[in-house]
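In this document, chain identifiers A, B, C and D correspond to the written order of the chains, with residue numbering beginning at 1 in each.
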Amino acid sequence: MTKEEIRVITLSKLQLEEDSVILDVGAGTGSISIECALLARNGKVYAVEVVEEGVELLNKNMEKFQVTNILPIQGMAPEAFEGIDKVDRIIIGGSRGNIGEILQWADEHLNPKGIVVANFITIENLYTFLQALKEKDYEYECTQVTIAKSRIVKDITMMQGLNPVFVVNAWKAENFNKISSK
Amino acid sequence: MTKEEIRVITLSKLQLEEDSVILDVGAGTGSISIECALLARNGKVYAVEVVEEGVELLNKNMEKFQVTNILPIQGMAPEAFEGIDKVDRIIIGGSRGNIGEILQWADEHLNPKGIVVANFITIENLYTFLQALKEKDYEYECTQVTIAKSRIVKDITMMQGLNPVFVVNAWKAENFNKISSK
Amino acid sequence: MTKEEIRVITLSKLQLEEDSVILDVGAGTGSISIECALLARNGKVYAVEVVEEGVELLNKNMEKFQVTNILPIQGMAPEAFEGIDKVDRIIIGGSRGNIGEILQWADEHLNPKGIVVANFITIENLYTFLQALKEKDYEYECTQVTIAKSRIVKDITMMQGLNPVFVVNAWKAENFNKISSK
Amino acid sequence: MTKEEIRVITLSKLQLEEDSVILDVGAGTGSISIECALLARNGKVYAVEVVEEGVELLNKNMEKFQVTNILPIQGMAPEAFEGIDKVDRIIIGGSRGNIGEILQWADEHLNPKGIVVANFITIENLYTFLQALKEKDYEYECTQVTIAKSRIVKDITMMQGLNPVFVVNAWKAENFNKISSK
């Protein structure tokens, strides 16, 4: 499950609106999908996950958080996208190597002012995504997030390192005057 | 102004509810107060800031974002808190050395299930806060956030380091069964 | 055992000379003592360690690396320092709470152009050391080192975070014209 | 100039021996070449740098540190390597895009138990190097080093972030039984 800090930074980069239509690729157990659904309460989330247990947990989480605007889809990207028309946001959490195909699909299905946000823990997948963005004329910002958490033993605060994560947010430059990092 | 990533992590640690009453100490230009006010839309934000220009900018930002549930207070903590009764959340962004007095005030004014979240960039202020928390029987989690941001020059992605920030969230253990980091 | 990267940064901050006399407090199995002894080949290393097994391993490592200029001392700081006259460098790797006493001892036994280098993984011990340095008119530099290491699985490079370490190097300002970080 | 912490970690990964023959590509003003020359005192350093001012400063630094076992070469890799026979270590500090050609040259000129160490601040150059290593059957370790340094103002220790650097050390697996990270 995506760590709290990475999740909220990912959500912030998405710049969701109340009626955003969101595609969450590699949704896992839905920790990000649920928060998207709550924020885009008049919108919709397509949550694509290949692992069956993930989809089951997502269904349970939807009930638990009383969220109805998520459509879980079990399957692989991009085949699983069939039937999805237009989306405003794409989240890539676990692409398993078909990043290029996802961006290819985005060419026809991402709205002009749409935003793509992806998380990476490997250099190779990060690079592949950045190259695909450049080829398709996206602009992007890459944020590496390194978190250390306290472990408190007898009133002493030891800091423990977590694995760093790269968060990339991308947009079609031609469709924006200027997006500046806040 | 608080950087986007630190701001959203701070907000996440606050676990705001729709009707939360929030005290933002060292509110600056109100970047966190505004987001609190939007999330706690049936609640209220007391935004305390000692610098006059900060309070002026906060007033402008309230207009810009059409937020009405913020009460800006120009003054120093804890004198500026006079008249504030009970609060559910306290944010400490710039305490200027009177952290102990703020926690003293919290003893009488923070609701039992209240949460305090503070940001630090210096070792000494962080330590002083942790010690004050221990003396007053708070439990806490300390998260160090180190961000590197891309600077893209001719399609090459260079990573640039920002200053690390410590985010501490604290609560009275006796009033919770268990708060676990998500 | 101290991680390679922390060890070489600690050694660099020590600015050893060929004839330096070094006190290594909390020497552990001697990973830093050995490297000090090799660099200060006409000097001497007092390696103080409280745990018996540590001292035994240190003796074995001395044989393995054919190092003869280390004097292992089993005991607690500062009692274990008895009989040590003057030193040029002090390394604090594991002080177990008597940092103040170590610096007290340094007042009489550290040569004027001496350097103290200490490693910390907790906020409280770091702070206590910084305060003791200020009280005794040391100047210092604090370097936080955050390392992520690759784990390579099927040609994919995943980055894994290690625990951050604070390395503090300190000197008596009055005895130097200027020490600048290289 | 390479920062102290990165320099000593780079040197540590090189595992220099007294008689090592070293090629420093992108030597700059020679901060790493000088330290290599001091450590490999019966060895030799070829210091290749394209910028004339760099080579001039390197010559001055050689005099200053009384180092005679460096051969400065002004020119571009790999043309500048002409006349160099065999080397034991290669340092890549500033490759300007011809990483592949440098590794190609290494195929014929790096001794079987040789080690290559490279520093990167961009994702693209890091990736290109990792891919070239894989193609030529090198094994490697990648270490990301994130440093924060104190800025002390009125006895208060503020931590300031520096840019993260990737240090990659590589070797031909077939020629080693096992190299483990210490």
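We take it that contacts are C-beta pairs under 8 Å (C-beta built on N, C-alpha and C of every residue); 3 or more make two chains touch, one makes a residue touch a chain.
All figures in this text were calculated on a predicted structure; none of them were measured in a lab.
Shared contacts of subunit A and subunit D, meaning chains that touch the two of them, come down to B, C. Where the sister copies subunit A and subunit B meet, the same residue numbers recur on both sides for over half of the interface positions. The angle of the rotation carrying subunit B onto subunit C, fitted on C-alpha atoms and rounded to the nearest 5, is 180°. By number of C-beta pairs in contact, C-D leads when C-D and B-D are compared.
Averaging Cα coordinates per chain places subunit B and subunit C 37 Å apart. Between the CA-based centres of subunit C and subunit D the separation comes to 27 Å, rounded to the whole angstrom. Subunit B and subunit D, compared by their mean Cα positions, are separated by 44 Å. In subunit B, the residues that reach two or more other chains under the touch definition are 123-124, 130, 142, 144, 146-148, 155, 157, 159, 164. Against subunit B, the residues of subunit D that register as touching in their complex are 121-125, 146-148, 155-164.
Chain contact summary for the complex, subunit A toward subunit D: residues 123-124, 126-127, 130, 142, 144, 146, 164. Against subunit B, in their complex, subunit A makes its touches with residues 3-5, 8-9, 11-12, 130, 134, 140-150, 152, 155, 157, 159, 181-182.
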